[in-house]
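Structures given as structure tokens follow.
In what follows, chain A forms one complex with chain B and a second complex with chain C.
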Partner chain A sequence: MNNNSAKAGFIRILVTMLLSLGIGALFIVGIGENPIDAYVALFKGAFNGKLRLGTTLAGFTPLLLSSVAFAVAAKAGAFNVGLEGQIFLGGIAAAYIGINWTFLPKPILFVACFAGAAVVGAIWGFIPAALKAYYNVSEVCTTILMNTVALYITSYLVSGPMSAGTANAQSHPVTVTLHQFMKPSSANLGIVIAIILVLLVIFMLYKTTWGYKIRTVGTNPDHADFVGINSKKVFIGSMMLSGALCGIAGCIEVLGVHGYFLNNFATGLGSNGMLAALIVKNNVVATPFMAFFLAVLKAGAMGMQQSTGVPKALVDTITAVFIIIATMETLIQFKEKAKKKAETEKKEG
Partner chain B sequence: MSEYVVSMSNIVKTFGTVQAVRHGEFNLKKGEIHSLIGENGAGKSTMMKLLYGMYPINSGEIIVKGKKMDRLDPKTAIEHGIGMVHQEFMLVEELTVLENIILGFEPTKGLTIDFDSARKEVQKYIDQYDMEVQLDKKISQISVGEAQRVEIIKTLMRGADVIILDEPTAVLTPQEARRLFEILKNLREDGKSLVFISHKLDEVMEISNRISVMRQGQYMGTVNKEETSPLDLTKRMIGREVFLNIDKSYGKAGKTVLEVKDVWVSSNKETSKIRGMSLHVNEGEIVGIAGIDGNGQSELIEAITGIRKVEKGSVILNGKDITNFNPKKVRDAGLAHIPEDRNKRGLNRTMSIVDNLVAVQLDEAPFSKGMMVQKADQDKYAEEKVKQFDIRPTDYNLPTSALSGGNAQKVVVAREVSMGKPLLIASQPTRGVDVGAIEIIRNTLEKAKKEGAGVLLVSAELEEIISLSDRIVVIHEGKITGELMASEANENNLGLLMMGGKESK
Partner chain C sequence: MGAIIENLDKIINVSLIYATFRSATPIIFAALCAAITQQANILNVGTEGIMLVGAFTAVAVSYFTGSWVVGVAAAMLAGVLIAMIIGIGHIKYGADNCAIGMGVNMLALAITKFLLNVVFGMNGSFSSPEIDPIPRVKLEFLSEVPILGEIFCNWSIAEWFVIILIIALQFLFYKTVWGLRLRAVGQFPEAAKTAGINVNKIKYQAVAFAGMIGGLAGAHLSLGYSTQFVENMTSNRGFMGVAAMYFGGANPVFTSLGCLLFGFADSVGARLQAYGIPSQFVLMMPYIVTIAVLSVSMAVKLSANKKRQSSLN
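Right, the complex of A and B next:
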């Protein structure tokens, strides 16, 4: 990717962000509230004070991983709707290891939790990818179905064999946890791990032969095979990477946020991650920023609802507007045309 | 009103920093065929896309039938009777011919599409201009020539009387080209005005009334056909003469690099399209495959290169049995391959020139080290290749989608011949490139041969086959009908074998 397209990408997100907030403001005016107050409240709700800021960061972490995971799969041409299932299974794997493998010294147990989560997530990405590559079964369908399967597997485990016997379906506490640095919020060191992983993924996509192959397969699989890149393997590989990232997201949730496996903990993480990536057309550099913006909206919504009369559902409206605007490619083209016209007029003048 | 149906003057068009058209002039009289010629990247396609309203002009003036066009888009262009048959077709593969023709402005009867009246109207054009098409076949089942006729009918149905044809003959066999010319002449007789773009000067000389020349985005003048010659046109286009007769070297052919033994292959449409072909290519020789397009040459090449399954028989490359290997393994065994279709396989249009140039050797030094891409070394290589093959524009970080047809072809050729593999398969290597580039590409093939590579050449141009090959294999309906030394081959005896050896024309 060259600088120009990155720059254009950023300008695009910025413009769409402002526009969607603007349209959101119209709605707020419509229900008779002051949009500025509402947005200030939203902002405060997301950033004001240790607890709130920490909660925002804690919410951002899994979203960051799942959105980039979606984008990576998309770069190879895969539509990974299975993020959520991969997060669930990664979480349960981490919980199992963290509870039971206490014979390992702590540092190694940490690594084992992450590795186990990544492997299980990768396997959950491998299955639909292989079905697609070798039998042409749509990965969209299989990943959706496999989400349900994953959810039931984990529900069964935490209500049965792995249950702590509490009223809520949850597991025993894990014996290793990620340090929470902004108590009382659950923000934890997982965010550092997530950021490092995302940087590695971006680096991989643009600086390594692997990334080159992923991008080639995603844009023209016929050409990829023609020049000797095995498009099936690359496709499967990127889905596995995507699954592994999600698995790690699940691991961070278990080790960092809850300290045990909580039934249904990942609900919504998959679709929001997908959303963040889709809005910026799977641009991996822009995706993290989009994920952050969504995390802020979600985290601030409650604060806004409490201190103004604006319901927190407004945030969903803003997100929806966001999607609509982002898909309206024409808008940008319109802008470019206008720019070119201005240029010619300058020349002629 | 002036004598012109179309007049474009002082046209300027830039794409970012690329000046596609610096100063364009073009006008069209009613009832003439006006050819537009020039080197690859001269701006021919761009000029015509501007007329068809596909991009806005930066400055200049376009007048259609006396009316100045301020804001032109394809819809307005069509309303003013302009139609365009593009270099790359725009038909929906899975729809029938008839459906494609009426797509977008279906005649209706109540709420349903009135196929009967549509069929009648289409039939009218078919009869009037003698354009044979099978209305109920799917696009995926018809030949390129027929698809082109469908495109022409489409423009007529939309009321076009100005029809732009961008390199229509580049994808046609000589026989199909002849047919197209008959149709074009019929259209002209009927008062339609036609724009014809081609790199083949003999065609231009045959069909045009007037000829306009462009060079590097500049209008270089217009001449009447009677007042010019191919030599004169070449000079106007390039500013020098071009000699396409390469001095063929007759080295000693060495050991066998490629051996195809009694191979059977299916096509997309029929099983066992190729029935028992055997041929071989030696080191240091060029073997040409002559045949009318669609007689199995594509399937044969795809089978050898691992893209298509071999039903029966075996393929041996460099002493190794590579039958039904995947493309990567075939390449590893020593193959370089210029595919016939640059857009589908040859290039990744979303990626840059340099990315495309190194695509095959990405995992090798110096283009990568371990997993790491070595961008600096890639750039150095790209700079060299861009110069060697005269790829324009020279900015190798541009995406290949921004390249003109011929320059895109040069990128593919540059990538494949630069590897020095023992076997080079070249399918239609000069399709759509200008004379200057044909010279470069042919010399490159000749050089590969001198350096000891075996070359298998497939081309729709008999002239190209004869002048480059040492040995010529002729195929007809999936079988080999004859083999000649190039020295004894001519258009007549080859033509006879290409027809199956039964009748001559």
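Right, the complex of A and C next:
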């Protein structure tokens, strides 16, 4: 990507961001509140004080992994909506290993938790990928339905065989945990692991043959096959990598945030990760920043709901508007004409 | 397991036929919504969102006006509005189908949650005796007939309507000029353009029509299937509809048959719950059946295609 188009892309995202915040402001005015107060409360809710900043960072960690996971699959042409299911199953695998494999020494147990989560996540990514590659079954359909299946599998496990017997469906505590460095918030060392993994993925995508293969398959699978890349295998591989990253996100949530498997813990994590990646058109370098922005919105939403009368569902509305505007490729084109068109569009919408 | 075999006659009996159809109806509506745009080669990932907005609008309008007819009409209108976001985004501004579809789904989820908070001051769900549901058709003359009475005598109006809709769409797609144009636009857009068909106009019409049906799907879910609105009450039925659409190749009759399979899994599951099967397994059954049926049908289609091609050579 040359410098000029990167700059244009950046401005485009910025305009989109302002536009969706503007539409959000209209909603806030609509329910009789002051949008500036609400946004200030939102910002404060995300950054003001150790607890809030820590909560934002803790929320950022899984989003970072799931958004990059989505982008990696997308680079090979897959639309992996199954992030959430992969997070759930990765989490339950980590919980199972962390609770039961106590015969292992702690450092190895750590690695085992992460490896187990990654493997289970990868398997959950493999199924829809293979169905798509060999039988042309829409991965959008299968992954989203598999999310529900994964949710029920884990929900069965933590309310049945793995239940701690508490009122809330949850597992016993795991025997290894990630250090929380900003108590009382649940920000933990998982964020370091996530950042390292993301850097590795970016390196892999742009500096290795494997990454080249993935990008080639995503751009033109026929060409890939022609030059001797097995496009099906690469497609499946990238979905498995995507699943593994999500599995690790689940592992970090269990070992770092909760310390046990909490039923339903990942609801919304997958879709927000997908949003972050979609908004920046699966640009892996820009994705982490977008994930951070969404994490701030999410974390601040609670503060906004508490100190003003604006329900936190508004933030989801803003992010959804954000993604809808961002997907319209030709909407914002840095020309006066296009801008006018965009404005009439906005009025209609 | 033993209990299930002993009580097999209580699980599989005549009333299962209506139970299957009842669970399938919302999915059939959703699948038809997806089939209409698919004929114009637009994958309608936003079916779920269109349905959810329809469900909310139907309940809200029916509650405030006290009339299910107005509620359903409003839901269809809301469906069209939401569908037009997809239409304009995709057709005019080149948005990726999947991306904008998922965006619309999230918008629907968020905005219905937001409005539930703001309009009704509720979290999670809203129900009230003042919501006017879609009435049921009681066929008195059939109620005495042994088997037919049990199957047909107490259908909701929307359930009768879905049968008419399937037939009407089948006719519309394959026997009318508009249907021919729609399929031409979907399969050979260049040829359609050469033949003087306004491709984008047909696409917009298809999206708007699909929005109507999607809104109706939601209205049936919240005013017919149940009488309440629950956050995310569509629970992926829209995607099951899309899966059924793939299964049936966007043909209304075959698509609906696929939906019946999912409805069957759902209603058998509900009955098994009484015999000690954990609820989570019961709840995940329709999803697994959907994935399995979709995969098998796509695999069969692929091998049939290969065979046809090899016999040509």
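The working rule: the second predicted complex is superposed on the first by the 319 of 349 C-alpha atoms of A that agree within 3 Å, B and C clash if a C-alpha of one lies under 4 Å from a C-alpha of the other, contacts with A are read in each partner's own complex, and residues count from 1 in each chain.
Definition applied: a contact is a pair of C-beta atoms (placed from the backbone, for glycine too) under 8 Å apart; a residue touches a chain by one contact, two chains touch by 3 or more.
Everything quoted here is computed from the prediction, not taken from an experiment.
Legend: residue contacts after superposition of the two complexes on their common chain; A:T208 is shown touching chain B, with no touch to chain C.
In the superposition on chain A, A:L314 makes contact with chain C only, not with chain B.
In the overlay built on the shared chain, the residue A:Q180 is in contact with neither chain B nor chain C.
Residue contacts after overlaying the shared chain place A:N220 against chain B, while chain C stays out of touching range. Touch counts on chain A: comparing chain C and chain B, the chain ahead is C.
In the superposition on chain A, contact of A:G228 is made with chain B only, not with chain C. Touch criterion met: A:I144 reaches chain C, while chain B stays clear of it. On chain A, the surface touched by chain B in one complex and the surface touched by chain C in the other have residues 348 in common. Here chain A touches chain B in the complex through residues 2, 207-213, 215-216, 219-220, 222-230, 337, 340-341, 343-344, 347-348, going by the rule given at the top. Contact residues on chain A toward chain C in their complex (touch as defined above): 27, 31, 79, 81, 131, 135-138, 140-142, 144-146, 148-149, 152-153, 155-156, 159-160, 271, 274-275, 278, 311, 313-314, 316-317, 319-321, 323-324, 327-331, 345, 348-349. Those residues of chain B that touch chain A in the complex are listed here as 56, 58-59, 307, 326-328, 331-332, 337, 339, 344-351, 355, 359-360, 362-363, 368, 371-373, 397.
In the complex of the two chains, the chain C residues touching chain A come out as 43, 45, 85, 88-89, 92-96, 98-100, 102-104, 106-107, 109-111, 113-114, 116-118, 235-236, 239-240, 242-243, 246, 278, 280-281, 283-284, 287-288, 290-291, 294-295, 298-299, 302.
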